[in-house]
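Presented below are the structures under discussion, each in the form of structure tokens.
Each of the two complexes below includes subunit A, the first together with subunit B, the second together with subunit C.
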Partner chain A sequence: MKRLVALVRKESYQVLRDPAALLITFVLPPILLFLFAFAVSLDVKDVKVGVVLESDGTQARELAASFAATPYLKVTPVRHRNEVESKLVSGELAAIAVIPSDFEARLLEGQGGAAIQIIADASNPNTSTFTAAYLQGAFANWMSSEGMGGSGAAGIQLQQRFWFNAELESRRTLVPGAIAVVMTMIGTLLTALVVSREWERGTMEALLATPATLGEIILSKLLPYFVLGFVATAGCAFLAVQVLGLPMVGSFPALMLISAIFLVPALGQGLLISTVSKNQFMAAQLAVMTGYLPSFLLSGFLFEIQSMPWVIQKITYLIPARYFVSSLQTVFLAGDVWPLFLRDIASMLAVGALFFGITRLKSKRRLD
Partner chain B sequence: MLGRLFASVIKEFRLFMRDPRVRAMLFGIPVMQVTIFGLAATLEVRHINVAIINDDAGRWSREMVSRVSAASFVNELVYLDNMAEFTDRLERRKVLLGLHFPADFSRDVAAGNPAHLQVIIDGRRANAGQVTLSYLTAIALELGLELARLDPQFVEPPGAPVRHWFNPNLDYRWFMVPNLAASLSMIIALMITSLSISRERELGTFDQLLVSPSTPLEIIVSKTIPALLAGGLVGMIIVAIAVFAFGIPFYGSLLLLFGAMFPFVLSVVGVGLVISSLANTQQQAVLGIFLALTPLIMISGFATPVENMPLFLQYLAQASPLKHFLIIVQGSFLKSMPAADVWSNVWPMLIIAAVTLTTATVFVQRRLQ
Partner chain C sequence: MAIDVVITDVVKRFGETTALDGISAHILGGRLTGVVGPDGAGKTTLMRCLAALMLPTAGSIALCGHDVASEPGIVHELTGYMPQRFGLYEDLSVMQNMQLYADLRNLDAGPDGELFARLLHFTGLEPFSGRLAGALSGGMKQKLGLACALMARPQVLLLDEPSVGVDPVSRQDLWRMVQELVAAGMAVVWSTAYLDEAQSCQDVLLLNHGKIVYAGAPEDLTARLRGRSYLMRDICGNRREALTRGLQLPSVRDGVIQGASVRLVLAENTPADEITSLAAQYEATLVQTPPRFEDAFIDLLGGGPGGVSSIAERMEPIESRQGVMVRCHELTRRFGEFTATDKVSFDVRQGEILGLLGPNGAGKSTTFKMLCGLLKPTSGLAEVVGLDLRHSPGKAKIQLGYMAQKFSLYGLLSVRQNLDFFAGVYGLKRALRKERVREMIALFELEPMLDVSPDDMPLGFKQRLALACALMHRPKVLFLDEPTSGVDPITRREFWTHITGLVGKGVTVLVTTHFMEEAEYCDRVALVNRGQLIALNTPDQLKAMVTDQDTPDPTMEQAFIRLIERQNALEDGKEQAA
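Moving on to the complex of A and B:
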């Protein structure tokens, strides 16, 4: 026990002396959090559109004026469509609305025909959908203000309500994801680098030759990072709630418990990476490819896991961040849902056990 | 002098390619990555579970439910009796959303009154929720229009049909896979360069380089070229995967794209060399890379458009080489972007490259003195 305490103390000094580790723990989290809060936004605003007015009619001009007056559209008015088509290619415009020369006649004709045409730049399909919907909405508004909104049945009206995130701020779902990314970097990347450096320099062999057991050495290496990760989470949670205005519907102890559990598979993964790779370059590459990028792309906060192909969905079961994101979003936005937490905690522990188990098998062989 | 430069470039190459595992990883992992992430990264919604709470026994709620259940985005419909059950399922993420039909739904439809249908969505999954809502809106509109047509008095207003240029089926992969080609080659190039100087410094061989007749410029050039070729090669491999494995159309000029790839990788290598020349150890270099990499990717428009960002971040985005190259990659794949438009995105990358490579050379020079 005493030996372990001494070892932990040695490792802690080593971590505290390292400016890079402290940079990752204290500087990177706020940067990432702010980027996610402000840079990543799926809310399209100020859409740049070209309005091609080919008709001289009064109604056509009125419609063009109404497009220009729509708050979230930035309109470039032109007379010919070839003036703006090349701007769709260069990306200067997101869409074009063409008001054809026979616009008035088309309006009278009705029967679901095309009064105007909308051409959207679908090279980003998501933006394209939003932009087209804005333009169609602006057109429908103008139509009903002209008394041409259609008559007859009133139809089915959807009343949408978003629980846990009533104003649909994307920040509220993204910031918990950013915390998961930060924790993955501390838990997996930092650990992988540190331990692989020991192997690369041969200091690991030196440690192994001491009376300390392998378990003690590993534990003493991981504990400081566990504490760093813990401190970083607390800092992130403080920033998220106090500065970025996230609600904290659940309880703080629940948040800390989930974060502590997440560090088990994250550290395990880092340890495993350092054990299978010979040098820091390999370790860094593996940590990026199996830890960092999956925590972004496969953890479910940017892309819906259920929408992924079957095989990929199965792969995500091995990504600890997947469970962490689910629980984090819940504790911030929905509250303490213990059935969900317990399921995620069990899964994270299982993945952690897997990583530590493989590490154990691999490191035994290394010693021979 | 040229012979000396050539020799040190060769040396860098050998150093790098010596380790078969590094070789395998350099090219194998990006291929794996683009496949997995290309398949995973989609904003289309599929296979979701929808809860139905139906207080209405009439015909029209059943009609609406059957249309939803036939839709391609639904995996399973979960029929629930009351809101308490629904709250439980939603909290536990068993369903993405619930459709709640009020008791007078069918009566309102039959009477021609607006019939309200409550859609309750999990706000934790706001993206998927919004996309699904748009699918549901389309279904409701379609049904509403069919109902309206039953009325002989009904006059259908003219519409505003949309044509989606460059990606008519709105396939998200056509957007994502070219983006991955750019981002993954950036990550590879950054990693290679960041470790090159810092590794020599950590092992102590950097001092040997400094006492050799090589000038700082030569050192930088010899570190640049292998990374440039490796990053470019990875980019080309992924472009080939995008076209041949994912079947993404390539309408532009391959020559222009590959031509633009070199200024891109060069500017990325410049960023990597600056970080590498500042770091004392490999570990610091890798962590420095991460500090730079994440913002570079996030403000580039990789996931969300630059236009959605606050103005000061839009200005900052100009400093990210990836931002400019993404426009070229997307333009080359789908839009057959002309040379003039490509050029207007190439010169900012050349400026970034010039600034970063000069800075790196200055840093190395300072070490000499």
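Moving on to the complex of A and C:
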């Protein structure tokens, strides 16, 4: 016990004197949170589109005006398509909507014939889909306001309602994801670095030559970073709710419990990396490749897991951040859904046990 | 006398390589045992096996009656172990490091306790107890490492190459401390590549290729060489040339330069006829001298390398005779408040070897770096081949070759790629580049190693490759920064054979070193202390400066220590007076 206390104290001194650890724990989280809250957004707003008004009719002009009035679009109105086509090619515009000279006639004809033409730049598929949908939506709105909605299926109005994130603001799902990224950095990257640092500087050799046991050495590496991770999570949650104004439907204890559980696989992964690679450079590379990047890409934080290829979907089961992101989003947006939490907690513990198990098999209390 | 460690038929293999090949030995309490051998002989592996950090592949080690393999816990309790880099946490203070190691051994000790006070006093670290270990000098780190290893009053103290990269003054301090421990009954095992240290041990285990080639008192080994060591004194003419010719004689086993003299060791049962006539040619006096441990060591390992450098042999001589090749005048470099180099002035003439010596942190590296254009001086002049390094650093750098500490080769490139790279860096034209690379491969016999990474090569090859890279552009001046640190005596001799040959062709050499033996090869030695040049003279003159009744014939090391201490006492006296 005395040895463990001594080792933990030593580790804590080192954390306090290590600018990198302090940076990752206290500076990186707010930066990431603000980045995801304000700079990164999956919502498409102010998309630049060109509206070519070839017709002089009243209805055509009203439609053009209603395009311009849509908050999601930023319209460049012109009279000829050649004026905007080059801009679409150069990427200045995301799409063009053409209101043809025979627009009114086509409208009257109705049934089947396209009244307007939409050309979207599909080199960015996501945005082009959104833009085309916005334009179509704006057109449909205008049609219905003109009393020409649909094919006359009178009376049936479609009212959409989005649950849990009614305004469809992506920051509400991104910020919880950012917390997962921060925790992965602290849990996996920092732990991987500190153990390999001991090998690199030759201090591990000196430690192993004392009566300290392997368990004590490993535990002393985990405890301080567990506390750091905990502090960082609490800080992130505070920032998210108080400063960024995120709603938190679930409870704070639930959030902390989930975070604490997530640290088990995260620390386990860091420890495993540092056992396999005994220099800091290699450890950092591995931690970024297997911890940091997957927490971004494979956790369901930025990209839907359901839309990933089958193989990748299977791989995500090994990424602890996957379970963490799902629970975090639930706690922030939906509330304390215990069946879901318990399932995620069990999965995280299982992955953690796997990492610790391999570490135990791989580590020896000797140098050879 | 109690036998503390019994080593029985220990074999240790790492995959294909056999690091220890059937070692048996006894290590006694109350005695200092040196584990000596060339680089890669298995010294560190043996130390780690003794500390229960590695398990022997076969055989057994019993430490105070406890088997290292089955009772590692008890072994850790009984031993104090100081690994090569001292095992200190650089971001913890001296006191925090000590507290950690005390707690790890379940000792009830603290900053106010008697144990810490005793250890701090013993190591002379009292004034620095609050300082971060990373901010300590090499010598002080070593003392702190020792204090941590001594924490639990171990029965057996294992020190793995404790004096690598540590200056002679600190080495002497450590030596004194270890002597005290031995006198108190501890068994101390000290592994080293320095043979003068081995000579002062009570017992030595001499390792080569994983086998013990000698075990016993160093004097007994040295005694075998009685009557075979000679000194050629008062040489008229070039002493380096005399050494080269001496080494070519069939009756000569080994030879080195010792100040103005040449030391030669004869092969067993050979008359001194050949060297007598050699001495006569140089009008030198040939005297028998007591053998050193190093003579015996080299003899046991099969003699030193030959005297002719294939490299220098095939190099065309440098034509231009410009007199002074390197000049510095009032050279000064400050880092903030701290003056690393303080108004240092000296000249180096063509074909001269100048050694830059000084304790750790004395400023010799700073001076050195300014002279080869790696660091800008705060004030003063630095010239190479008449070119001011401040105004034409590019032109000056083409004139000099630089071999950095640890060789700075690229481990991820093959030998050939390293050569190509350095040829390119020095701006050689395509055709010339190809020719030079081919030439270097032939000269340095690198052919069999071309596709190997420098990291996987023996140290001797690495050193040759580094030298080849530095010579690619035929520099007139060669800068060597601790070129043979951690290298065994045979490889060191081989290296100096090349340097000697190059100097014979008119190359000028500047070298920094901690090896006093290396200083002997220098024509002149510049001694730097606390940023200032405190002496600049031939090795023999420096020795003469400290000669007195007690030490009529001081070694270079003694001269170094005395001169430094004298200067420090002088300055401290001034400070107190002021």
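The criterion applied here is as follows: the second predicted complex is superposed on the first by the 322 of 368 C-alpha atoms of A that agree within 3 Å, B and C clash if a C-alpha of one lies under 4 Å from a C-alpha of the other, contacts with A are read in each partner's own complex, and residues count from 1 in each chain.
Keep this in mind: a residue touches a chain if its C-beta (ideal position, glycine included) is under 8 Å from a C-beta of that chain, and two chains touch if they have at least 3 such contacts.
As the structure is a prediction and not an experimental result, all values here were calculated from the model.
Taken together through their common subunit A, the two structures put subunit B and subunit C in a clash. More residues of subunit A lie in touch with B than with the remaining chain of the pair subunit B and subunit C.
Applying the stated contact rule after C-alpha superposition, one finds that A:238 touches neither subunit B nor subunit C.
By the touch criterion defined above, A:38 reaches subunit B but does not reach subunit C.
In the superposition on chain A, contact of A:252 is made with neither subunit B nor subunit C. When the shared chain is aligned, no partner comes close enough to touch A:26: not subunit B, not subunit C. In the superposed model, A:317 makes contact with neither subunit B nor subunit C. When both complexes are overlaid on chain A, the residue A:7 reaches subunit C alone and has no touch with subunit B. After superposition on chain A, the stretch of subunit C whose C-alpha atoms clash with subunit B is 417-425, while the remaining options among 3-11, 255-263, 417-425 or 543-551 stay clear. Under the contact criterion defined above, the residues of subunit A that touch both subunit B in one complex and subunit C in the other are 18. Listed in rising order, the residues of subunit C touching subunit A in the complex are 12, 14, 48, 51-55, 72-73, 76-77, 79, 81-92, 96, 99-101, 103-106, 148.
Residues 18-21, 23-24, 27-28, 31-32, 35-36, 38-48, 88-91, 94, 97, 106-107, 109-129, 132-133, 135-136, 139-140, 143, 148-166, 168-170, 172-173, 181, 185, 189-190, 193-194, 197, 277-282, 284-286, 288-289, 292-293, 297-298, 302-304, 306-309, 311-312, 315-316, 326, 329-330, 333-335, 337, 339-340, 343 of subunit A are the ones that touch subunit B when the two sit in their complex.
Residues 19, 21-22, 25, 29, 32-33, 36-37, 39-49, 64, 75, 90-93, 96, 109, 112-130, 133-134, 136-137, 140-141, 143-145, 147-148, 150-151, 153-168, 170-172, 174-175, 187, 191, 195, 199, 279, 281-284, 286-288, 290-291, 294-295, 298-299, 303-305, 307-310, 313, 327, 330-331, 334-338, 341, 344 of subunit B touch subunit A in their complex. By the touch criterion given at the top, residues 2-3, 5-7, 9-10, 13-14, 17-18, 201-203, 205-212, 365-368 of subunit A touch subunit C in their complex.
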